[in-house]
Amino acid sequence: MHTIDHLRAAGLSETELTGGTLTVRSPIDGAEIAKVHQTPASDMPAIIAKSKAAFDAWRRTPAPQRGELVRLFGEELRKAKDDLGAIVTLEAGKITSEGLGEVQEMIDICDFAVGLSRQLYGLTIASERPGHRMAETWHPIGPVGVITAFNFPVAPWAWNTAIALACGDPVIWKPSEKTPLTAMACVRILERAMERFGEAPDGLIQLAIGGPEIGDALATSPDVPVVSATGSTRMGQIVGPKVTGRFGKPILELGGNNAMIVAPSADLDMAVRAIVFSAVGTAGQRCTSLRRLIVHDSIKDDLVKTLATAYASLPIGDPREDGTLVGPLIDAGAVDRMQEVLAQAKSEGGTVHGGAPVTEGVPAGGAYAAPAIVEMPEQTDTVREETFAPILYVMGYEDLSDAIAMHNDVPQGLSSCIFTLDLREAETFLSAVGSDCGIANVNIGPSGAEIGGAFGGEKATGGGRESGSDAWKGYMRRQTSTVNFSTELPLAQGVKFDI
Amino acid sequence: MHTIDHLRAAGLSETELTGGTLTVRSPIDGAEIAKVHQTPASDMPAIIAKSKAAFDAWRRTPAPQRGELVRLFGEELRKAKDDLGAIVTLEAGKITSEGLGEVQEMIDICDFAVGLSRQLYGLTIASERPGHRMAETWHPIGPVGVITAFNFPVAPWAWNTAIALACGDPVIWKPSEKTPLTAMACVRILERAMERFGEAPDGLIQLAIGGPEIGDALATSPDVPVVSATGSTRMGQIVGPKVTGRFGKPILELGGNNAMIVAPSADLDMAVRAIVFSAVGTAGQRCTSLRRLIVHDSIKDDLVKTLATAYASLPIGDPREDGTLVGPLIDAGAVDRMQEVLAQAKSEGGTVHGGAPVTEGVPAGGAYAAPAIVEMPEQTDTVREETFAPILYVMGYEDLSDAIAMHNDVPQGLSSCIFTLDLREAETFLSAVGSDCGIANVNIGPSGAEIGGAFGGEKATGGGRESGSDAWKGYMRRQTSTVNFSTELPLAQGVKFDI
Amino acid sequence: MHTIDHLRAAGLSETELTGGTLTVRSPIDGAEIAKVHQTPASDMPAIIAKSKAAFDAWRRTPAPQRGELVRLFGEELRKAKDDLGAIVTLEAGKITSEGLGEVQEMIDICDFAVGLSRQLYGLTIASERPGHRMAETWHPIGPVGVITAFNFPVAPWAWNTAIALACGDPVIWKPSEKTPLTAMACVRILERAMERFGEAPDGLIQLAIGGPEIGDALATSPDVPVVSATGSTRMGQIVGPKVTGRFGKPILELGGNNAMIVAPSADLDMAVRAIVFSAVGTAGQRCTSLRRLIVHDSIKDDLVKTLATAYASLPIGDPREDGTLVGPLIDAGAVDRMQEVLAQAKSEGGTVHGGAPVTEGVPAGGAYAAPAIVEMPEQTDTVREETFAPILYVMGYEDLSDAIAMHNDVPQGLSSCIFTLDLREAETFLSAVGSDCGIANVNIGPSGAEIGGAFGGEKATGGGRESGSDAWKGYMRRQTSTVNFSTELPLAQGVKFDI
Amino acid sequence: MHTIDHLRAAGLSETELTGGTLTVRSPIDGAEIAKVHQTPASDMPAIIAKSKAAFDAWRRTPAPQRGELVRLFGEELRKAKDDLGAIVTLEAGKITSEGLGEVQEMIDICDFAVGLSRQLYGLTIASERPGHRMAETWHPIGPVGVITAFNFPVAPWAWNTAIALACGDPVIWKPSEKTPLTAMACVRILERAMERFGEAPDGLIQLAIGGPEIGDALATSPDVPVVSATGSTRMGQIVGPKVTGRFGKPILELGGNNAMIVAPSADLDMAVRAIVFSAVGTAGQRCTSLRRLIVHDSIKDDLVKTLATAYASLPIGDPREDGTLVGPLIDAGAVDRMQEVLAQAKSEGGTVHGGAPVTEGVPAGGAYAAPAIVEMPEQTDTVREETFAPILYVMGYEDLSDAIAMHNDVPQGLSSCIFTLDLREAETFLSAVGSDCGIANVNIGPSGAEIGGAFGGEKATGGGRESGSDAWKGYMRRQTSTVNFSTELPLAQGVKFDI
């Protein structure tokens, strides 16, 4: 099936794909796929106003009915899975299995949000006053601005949208400028569900394609109470304060600098497989990609050797082809940046294995590079920074406490893991004195979270949580109520005030 | 008992009360109580470093043991209740019953936090992969900066501190410059508990007395992951973005512009009592003080008349004396500001009842004013603003939906209430289309929350939550973990990546 | 569409419908529909053993995968809704809309259980010992025996089954002998989902058609840890102790004697509609049917008059026909029993309106009766007993506290409601001193619960809970764990025991 | 301090201790301590009626106020700890540290219940109907009958009572006939708290001393909705069905047959200490005592040798003396029974180490025996039965799955543990295919639970849960409510019924 067929199947028309000012190129071969129309920043007030109007209707729709829309969305996604996966591959360069996996994540979150739609549990609470009833209730909060990044062009939006819709909030989506087609396809799929649903208000989901000025409009509008932004730490440092400064709620999913500690007792076969997938999958461009390997001195050299061998045999090339495990980076700039960083690491004492740009055996015009392993003498500034490329730094350790200290000594706090079969090591890693990340795993890589757990990280990762657990609370407002049904008016804390 | 005796009983020494650069005056009579030593801003790095060191020990102390310290604190507070209440009255000008009520709130939160210390519940979560275990755990997060305001000099600090200590976090407290003595007394009382406890690390609780530069040090330090600030919206607009900008977590409790809707079916006797307490208590200087009355047209004139009569007979004067219901404002500036605002309101068409400064029958040198009722033709800009003084604006309504719209049409979103005996009206007010405040009550005033519910508000109130429910989560970090105890390495979402 | 077509569409074959020893008759016209094969009691050990074997596999299947089976079941139910609804109508005599509503409830619980399958939340808990981790986890418990009654032939089974499957438990179903066809159809529909799912173990769902000996086998087998039984209080009194006596967990949903209090402020139009539906729907054979009306003296006579008029015009007849609101009772015995009870009530001073058997304008051979209103001078023994027929007793009250006392003065405790617009009355009814039932509503009838709330009742209703909230815990076993990952061995409560 | 002094300090008078029909003897030396007055079974109706009356008042007392009584009880227990601990030692024969530990558990549960008293969280739930509010609330349920056993004469009562009181329920306590003095002392201590509290209704806590007829009165009374019984499986098999048969809620804490699996990787030093404490503490008479040791074949012989040596040096004797680790069994009958069981085990192939009655170096008249280790060739019927004595059966295993199968192959399901440093083994033991017990620990013994976790077990242990987590729900009734505040009357599941 050709590209254009997937786009057609997803419902995108010729008119939408041509004549616009935003050129969309595939990282696979650099070829132009479409010229997409951008949203003028001047449209944003009207878009936000429309969202606000949609909110007024949507919040009155009972949550289980809202859940029914999400259920239908899940059904439509199931039908469109292959097409949408293919567009993800085309536009973001992911291998087919990962493209489909990302769509599966969308489907999973729909199921989860449908369940939530009959919960959205608040609390009834024991009151200290006779004849009083106390409760905490969660209500819809208003339009949610969703800003997403190229590397996960669809799943994070779906997390936000499935939950937001169930919670009673409309969504305005600003996708990455590098992946507008997946966004357009997603909205089209959701629209099919809305049509079947019948009663979704106009403006419930809106797309705003464009650059930072679109994000700025969302970040600064007092009518967008929640802004959920996935992207770089730098972006978060701009968006976060803007939202807070006007008393909105930011949900930030920013950079990670994810590490794995490999202990002497680790099942090394499993570790190697986990490392390669986590470090190399999506060409090292996942926010949860493995970037740092902290290996016990006793096994470090052997492990590096094994990894280097494994890396050497990785099939690099067109992500649409069966067998390919390493597709392209997002663009040529990313390959260049990778080379710069490798040079920096070398200058700091690093020994680099692999990492060179690849031009043979890959589609011409694409942005390919061999994944790199870099043995570092210590955790340098270069290591502390997140580079969005398949670079894996390797450092040694002697005591677990040192390994944990090194692990935590980076600005970011997204994902982390340890490979060990030793109970004490594993539990220590998960304890209050262990990993300081939002995600901490044992014997699985840092990448590939299930949607049932809250997703997000601490420190420079931004602190936001999406997806499972009670992350939905970020999309609602909390109301604490006391109802006095007695004929008395006692004050709390025994205060007396008799007029 | 004299002032000095209460201070002595609370453990404050002559040295601490004299020779400093910060003059403490009582709003009761403007008399100087003490000259307190301020914390140089240059000390803040050391203070924060000490807190960080204390954190390292405290997070290793099991939570139920931490709870035991909080329990002992509650015991010490029970013993010191009268003294501490008297100092609150002295320094903040509250009537005796309210001063004691504030201490009672401290005691209550201790009991609550002790209970929490054996909970701090995370979740175990069903995993989609065989041989995998998934969990969400809450861990201590680090030093908590607490910034408090003069009007509640002790309770909000205690909310933060009891919860933070149970959660494993040290506290650095910046009290209002107007109420350093209550702060010093509180710390002294907590120190007694720490002494009995025996194993609290040095630096677990630290006091930093001073101006905005202290707050700024807390807001900008990357080593203070949580900053909980109570105060004006203006302050929050400065502090919030600073904390977010360095990826800390702000907990903001800012201004309120709290209203009551009085419906035709209201129990007017109860309503009148609730209104007078809520509007006049603490001389209108509670963040939850009643500031707006939205009354059904059919009962408005009668209600205003009744209120004006009640207001006219309110005993104004020395808050230490039995029978006094209206004590002083915090200082002469507050009385002046009140007069300006009343003039403004008049210029916008308001009819003012009461509100004049009071100098007779009150201690000389104090900042007294008669509480004011202002009938407004509509909700003007002056009404939309929070003035920290006993001014109650009254507006009429015909339909409940209009009343709710007027109610919500202010920047703030702290507390709110309706007086009605009509079930439909009450439930509508509490529903998704009702009050947009963090607190919404029925048949009790906006003021005087129980500690079991989460306290805080939406919009310009800052969005933070303290005290009950799961507000404790704001003082911890969340960790989502998956432990693979199988010998397989399945990827989530069915992704395949076989090397 | 003919009966046989619906049965065929549901997948039932000629062989299954003929040649058996259990004659199935429709209450609509008493006609024989099928002769169904019964499960010999001697088969039960093998059935239970097969269920146990299925359990061993099913508990290893991750919960979200189990949820996927339930999701597919929901899809199949959506497809089969019309057919299954028609079979419910045929076999249980419900009007079409109610038959479909019951199937909708099955669909709803599937959505809910899918959501649960990524939750099944246990707790992580703060431990008092350093280096210790504490958690509570919920695990699958084993085969669940489900015993259902004729009046809700499919929904309660679906509640149990959707939840049990998500929780990891196989199900053995003993349906009412009066409604085996709906049961057979349900299993067939679930089997379609299992086929699509692919990996469901053999014996995951088994049907055992027969009499009390089947129920007894489930109640007494130590290999059936949970027995969920819906039916009469008499049945519960037999089954409950048998299950408890061998340390199984009974979930009992037994009789109700559901009342409505109608207060002077009630919206009488709404009340009348609610009363008629609740008392007359399913010909008064719901476990939540309204059986007692406790009306304020001031409005009692008028209300009875209005009701009597409404009752007189109710379309009684073939439930398959559009417009019919009152279908047949389950069989002729039920009509006879209704007549006896009406006679008893009369002998206790009751004034009976309606209630006579109906033979004209209804299908010959069916068991039809006009719904009855019975004004009672007081709450007599006859009123205190549940009669499974459309009899509504009406009693007066003066004070709400008397009404509540009368309300609670019956053995059963399933469902209840009040109609009032008075906030105080409504809240009192819901408070600790109000209704003692498991379900307590305001301004809706006792009948027709949503699946998001836990369903079940107190006292002689048996105490079980099914469907929403945390009712799923009844289908799992709870494990409290402490993991010591330190190198010390401290004892709880500070006990010392040094060898 | 002498016995009598502790009794006096606890508030027991001469009159109470003499002249009764129940002779209380100390297991330490068999000496008579008191002759206590028994409650005639004929008094039970009045006692229950009084409790019911107390309930009516207590349920109206707000939960946080009820919590205040529990807090005061905790304070009084702290003061009386030494005395009450000494009486436990005297009457139950526990060593001093264990006696005090049991009182500490009472104190801990009070702190926990105080925290609960501002929670007792129900849920607010999303409703599928517009203008409807759904909630689940927990209300007080009524008198709670508490039946306790001699081996833990005070803690289980305190668990039940602290929680029940916070939940709004009065308590009627039937202690073991062997330990009435501790019970009398406990009630006296609680009465001190009630006196300080001031407003506790008469009859809130009542003591009924006597035999099975007292338990029977509680089990069969319809006015005692909850009966919480700790004791033997045999007792539970009698009490449980009686309570269920009248639709009460039994909370059963029955026998355990608790095992430890010792894996090859276990920290054997820690394991040995854990084994000795768990098997020998309280002379093997804890419900959580370690009774079965399932040891990997590779380390079994060594471990038995080490244990035998450790056992040989255990100080047996007067539990009041410093250094004693093994006190008396409860009476001579228990020693006899132990001898019989050892003989049985021997006849089944067991090799017995230790276990003989001890008469030298111990107080004359006491019931002392040396703890026994019994190597068994397999898990025989004798091993499967719980014997309340310090007998530890040891069996070998080769594969962990066999060890778990053997572990679960007993009727009881209370507590369990594994000693291993292997993550996979530990997690497998805690997983759905691991231990089937209510308590499952890693690297700590089966004995000595923290009060924060729910306590209780599965299968013949009775299924009840007490103490932490949401065990409090067993002491309340659940109410699911829907409030319609709209002017429409939609039915759930879209049912139509228009009259």
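Some notes on this structure:
Order of writing sets the labels: A, B, C and D. Residues in every chain begin at 1.
The rule is simple: contacts are C-beta pairs under 8 Å (C-beta built on N, C-alpha and C of every residue); 3 or more make two chains touch, one makes a residue touch a chain.
The chain lineup, named per UniProt: A, B, C, D = aldehyde dehydrogenase (NAD(+)).
None of the values given here were measured: they were computed from a predicted structure.
Counting C-beta pairs in contact across A-B and across B-D shows that the higher total falls to A-B. Greatest Cα centroid separation from chain C: this falls to B.
Chain B and chain C, compared by their mean Cα positions, are separated by 48 Å. Taking the mean of the C-alpha atoms as each chain's centre, chain B and chain D sit 43 Å apart. Measuring from the averaged C-alpha position of chain A to that of chain B gives a distance of 35 Å. Among all residues of chain C, those that touch two or more other chains are 60, 64, 108, 118-119, 123, 125-129, 132, 136-137, 423-424, 426, 430-431, 442-443, 450, 452, 468, 483, 485, 487. Interface of chain A with chain C (complex): residues 64, 67, 71, 108, 111-112, 114-116, 118-119, 131, 133, 423-424, 426-428, 430-431, 450-452, 468, 483, 485-487. For chain D in complex with chain A, the touching residues are 60-65, 117-130, 132, 135-138, 420-424, 426, 442-443. On chain C, the positions that touch chain D within their shared complex are 59-60, 97-98, 100-102, 104-105, 108, 123, 125-129, 132, 134, 136-137, 139-140, 168, 236-237, 240-245, 247, 249-250, 252, 267, 270, 272-274, 276-277, 281, 310, 313-314, 325, 426, 430-433, 435-444, 448-450, 452-455, 458-463, 465, 468-469, 477-485, 487, 489, 491-497, 499.
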